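The two complexes that follow have chain A in common; it is paired with chain B in the first and with chain C in the second.
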Partner chain A sequence: MDTTLAVSEGGINVVLKKAIALAHTSSHDTATWGPFFASYTASVALAGGTATLENAPANKLDLAGVNVSGAITGSIGFDLGLILPHICIPPVRVCIDLGWFGEFCTPQFCITWPHADITLSLPFAFNLDVSFGFRVDDLGSQWGIVLLIDPFSPRFDLTPMGPVIIAAIQAEVTSKLSGIPGIGPLLADLINTVIGAFTGVVSLVIGAFGALINAVLSLLDLLNVSIPFTLLKFDKQQTFIPANVPLGGDAPVNLTLAALTANVLDHELIAEGQLA
Partner chain B sequence: MALTLGHHVFAGLHEDAVNKLLRAYQAARPKYFFYACPPLGAGTPSIDFWILPPLPVPGTNSGIPFSVRILRARVDFVPADAGLALPAPLALGANQFAVLLTIEVCFMCGLLIEIPVPRETERNKEGRQPAPRHDERPHIECARLSIWAVGHPISTSNSHGGRDIGLRVDHIVVKDVGALEPLFECYFETMLNSLLDALRYPVERFALGAFGSLGLVDGPRIADDQLKVWADIF
Partner chain C sequence: MDLLNSRHLTPQDGYAHPFHQPGEFVYSALLSDSERATESGIIIVGGEGAPEGKGRQYDIVFHWDAAARRFVPREADIKLTIRPNDFVVFQFDAAVPGQPPCFILIQGEESVEGDSRRLKTHDAYTHFFLIPGEYAYRLGEATYRISVADHRSMSEQEHQRQTKQPLVIMVNGNNVDVPHGRIVAGQSAIWAVARGENVHVEGITGEPKQPGDDGQYTTAQ
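Here is the complex of A and B:
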């Protein structure tokens, strides 16, 4: 081969560190579970990680210990009227027919349940290990050594978010109901009713948050399973001596990088090129 | 064995690539391979050939047109190719390259071109022979010379804040020119090093797009038929 370029694991880590520092994005979603409606955004950023190279024939780049951190922000709203029973005080209204004087009914006050919502700000962090294969792609005017990520399933546990959300809902419901006169003795039961309703869907809520985090991760260039990540690019037309060097009017001296291969040997990424 | 030797990046340019570069250089910039005094030059002056003044003829205020043309140039990095036979005392050692040249030197006999001499007074010109009459039909006499040289790689700072890598001739041998050998060796070593200076390559350029910022930390060195450099990514 005419040219040989080797990049050590240390060099690969420097290149990837720059890519990882740029890897941050967010996405938004909405969902409804019975009376509960959520509007939420997941934002993630990558940091750290260590790359190691697996020799041919594996030809792999393993990236371990990438820190994924971010937050779920947004709100969960719910109409208490869809959760709590219809309550009137007294529960029964008594009416007496007074003949030609008309009808007399005892007074009754029925509660109109308010709408409630809570604001979410739920941080999360976990580590991610991923593996990539190498491929040389024709990018038009350039050759690209690209990384093809192996299918991966991030392991993270968002269940600690459940009690936090429940506590926030409990505080909000308590606040809303405490201002309604005449239901003091019923307050604890009413709150339990709301919490009971939410507990039935909390796993679905957390599952939706997890799905959005996965979706956001796949939006990152480095972790996209559909679009290869270009690690290194080389111009097909290599200008060995620029124009006007050493004298004004001197034409550039170009050679064409006609072919490029990439393999891992001795834990180095070896790119070999053929000039024409 | 790892190529990077503890650095981030290793780059090696094989001697075949350098010879391709020489051919590309000759195609893009033919004047660096052809130096001629008109009318010996062919093509467009300053593009196809480098304009030389006539070679002064002692006893006249004129010169004879002459040209120097590199017909063939080939570089061989250590270890030497099987067919390489360097004339004594040349030998290809560690971290060295050999270059083989075929050069054609031509004179246009029978044609003299007046050379203006700066600040020469009319009085000083007295006694100097005018250019002979052109009663001889101009004709071209050429000689081909085989030149062998050995040298080593160099690295110098460039105007872009990076490093240029290049080659420099240390010893040269011109054979079959008799007593003129040391004169020709002096002349062609100077010419060859001037040409090699124009061939210096900014080492950061090859990987510039790939790595963003790269600094030469070791090399250039010649071994295994390659010109080798090592760099770190910043």
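Here is the complex of A and C:
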């Protein structure tokens, strides 16, 4: 004896929308690139997306247009002393005739370059298309129809963050250095030195941010490549009652769903079970 | 605000001491009196003395050795030979993290020749003002004031013009000839002790009140 259950594409979308609405998480990392060190968190949330079902033999669920949005927050710190040269001010010593001393030259002040850091808050958003296969799993007292995500590489471009970070660093360095008297004529060169040093690592910084976003995405239940996402569950023990008005002696019958298959047909997920 | 204190020297400070008499003197930049045995270098004063007021300046520059936790002079400054009436300006290289303030002690064979904590006649203390603001300081019983303008409030040319001339404050006992100095960040002040014993300059917190009839300031408590 068999039983068949069909879930429409619309029904699948309703189930997935609930899963997508709950999909948000974050993770943290730190990294160092020469004199620059960053402590940063990537947070992501999913929204939207449309599921379509591909008929057998493909037997696929395509989820397209999922909006991934979030932000990289944290800070980038840098030790200007590791970047800028040893400078003493004023560049030419100040000398005066001072009574019993004779010509007296005041000591120069050799600058201890300050530590600097910028706060990051870099939003991002991109669309993600992913595909899933179906598998039926024995969950003990239940059968589960689970989604197996195909390996995916989200395509997103964080390069616009580069100029934003560079501008923030430039503003911070300008603010720090302009507070030091006597280096006005050197200011532009000093700032350029810092920006030059950072420009060499900006692609590494953005790469690290991208890697963390990927890692965070993989933490979401729906997108986890290691742990299948359970789309639907059925109790193995099913109770059947008469279809018509029960007659005397027509008691409900308990039957066991001994096996289950899942296939897509005409844009519907068809689950066929064998009763025992 | 800068730390302004001749008893606790920082890289913004200098201590000048003229050597009028021949002899051998050991010098150190110390954190405490218990370190007295730690000498840094020697100054040998000998030969024909320069006329007073015509002495030559020698610079001894210390840096902080974080591993040894002590101030060390440049190699070339470890043994210095000068003439009577020459003078030495003790100063510092760029500060490193964890560097403490210190004082300079110069010892002759039998007595202390100079101590930056106790300035005496013909010594001088210099301070490079880095941070603008209103500074009040105590010298003896009196309180004086220095207004340090922000260098960003003026043109680069004007700033350079001003910083070419340090503020010289002549100290006579507890009195100074400039009770209220006005300078700009990036400019140095020199307290030159024309006459005095156990003189020190000590910055104090609190807004100074208006000057009294004698031109001195009292500090709001």
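Rule of thumb we're sticking to: the second predicted complex is superposed on the first by the 242 of 276 C-alpha atoms of A that agree within 3 Å, B and C clash if a C-alpha of one lies under 4 Å from a C-alpha of the other, contacts with A are read in each partner's own complex, and residues count from 1 in each chain.
Note that in this section contacts are C-beta pairs under 8 Å (C-beta built on N, C-alpha and C of every residue); 3 or more make two chains touch, one makes a residue touch a chain.
A quick note: this is a predicted structure, and the numbers were derived from the prediction, not measured.
Asks: More residues of chain A are touched by which partner: chain B or chain C?
Replies: On the superposition, B touches more of the residues of chain A.
Asks: Applying the touch criterion given at the start, work out whether A:178 contacts chain B, chain C, both or neither, answering first, second, both or neither.
Replies: A:178: touches chain C, not chain B.
Asks: Is A:268 in contact with chain B, with chain C, with both, or with neither (first, second, both, neither)?
Replies: Only chain B; A:268 stays clear of chain C.
Asks: Once the shared chain is lined up, is A:106 touching chain B (first), chain C (second), both, or neither of them?
Replies: After superposing on A, A:106 lies in contact with chain C but is clear of chain B.
Asks: Figure out whether A:238 sits in contact with chain B (first) or chain C (second), or with both, or with neither.
Replies: In the superposition, A:238 contacts chain B only.
Asks: Can you list the residues of chain A that touch chain B in one structure and chain C in the other?
Replies: Touching chain B and chain C on chain A: no residues.
Asks: Could you pull out which chain C residues touch chain A in their complex?
Replies: So the residues of chain C touching chain A come out as 11-14, 16, 18, 50, 52-57, 59, 87, 89, 91-96, 122, 124, 126, 128, 130, 151-152, 156, 159, 163-166, 168, 170, 184-188, 190, 192, 194.
Asks: Residue numbers of chain B touching chain A in their complex, please.
Replies: 1-4, 6-14, 16-17, 20-21, 24-25, 28-29, 46, 197-202, 205-207, 209-212, 226, 232-233
Asks: Name, in rising order, each residue of chain A that touches chain B in their complex.
Replies: My answer: residues 1-8, 10-11, 14-15, 18, 142, 232-235, 238-242, 246-247, 249-255, 266-268, 270, 275-276.
Asks: Applying the document's contact rule, which stretches of chain A touch chain C when the two form their complex?
Replies: Going by the criterion above, the answer is residues 86, 88-90, 94, 96, 98-112, 178, 180-182, 184-185.
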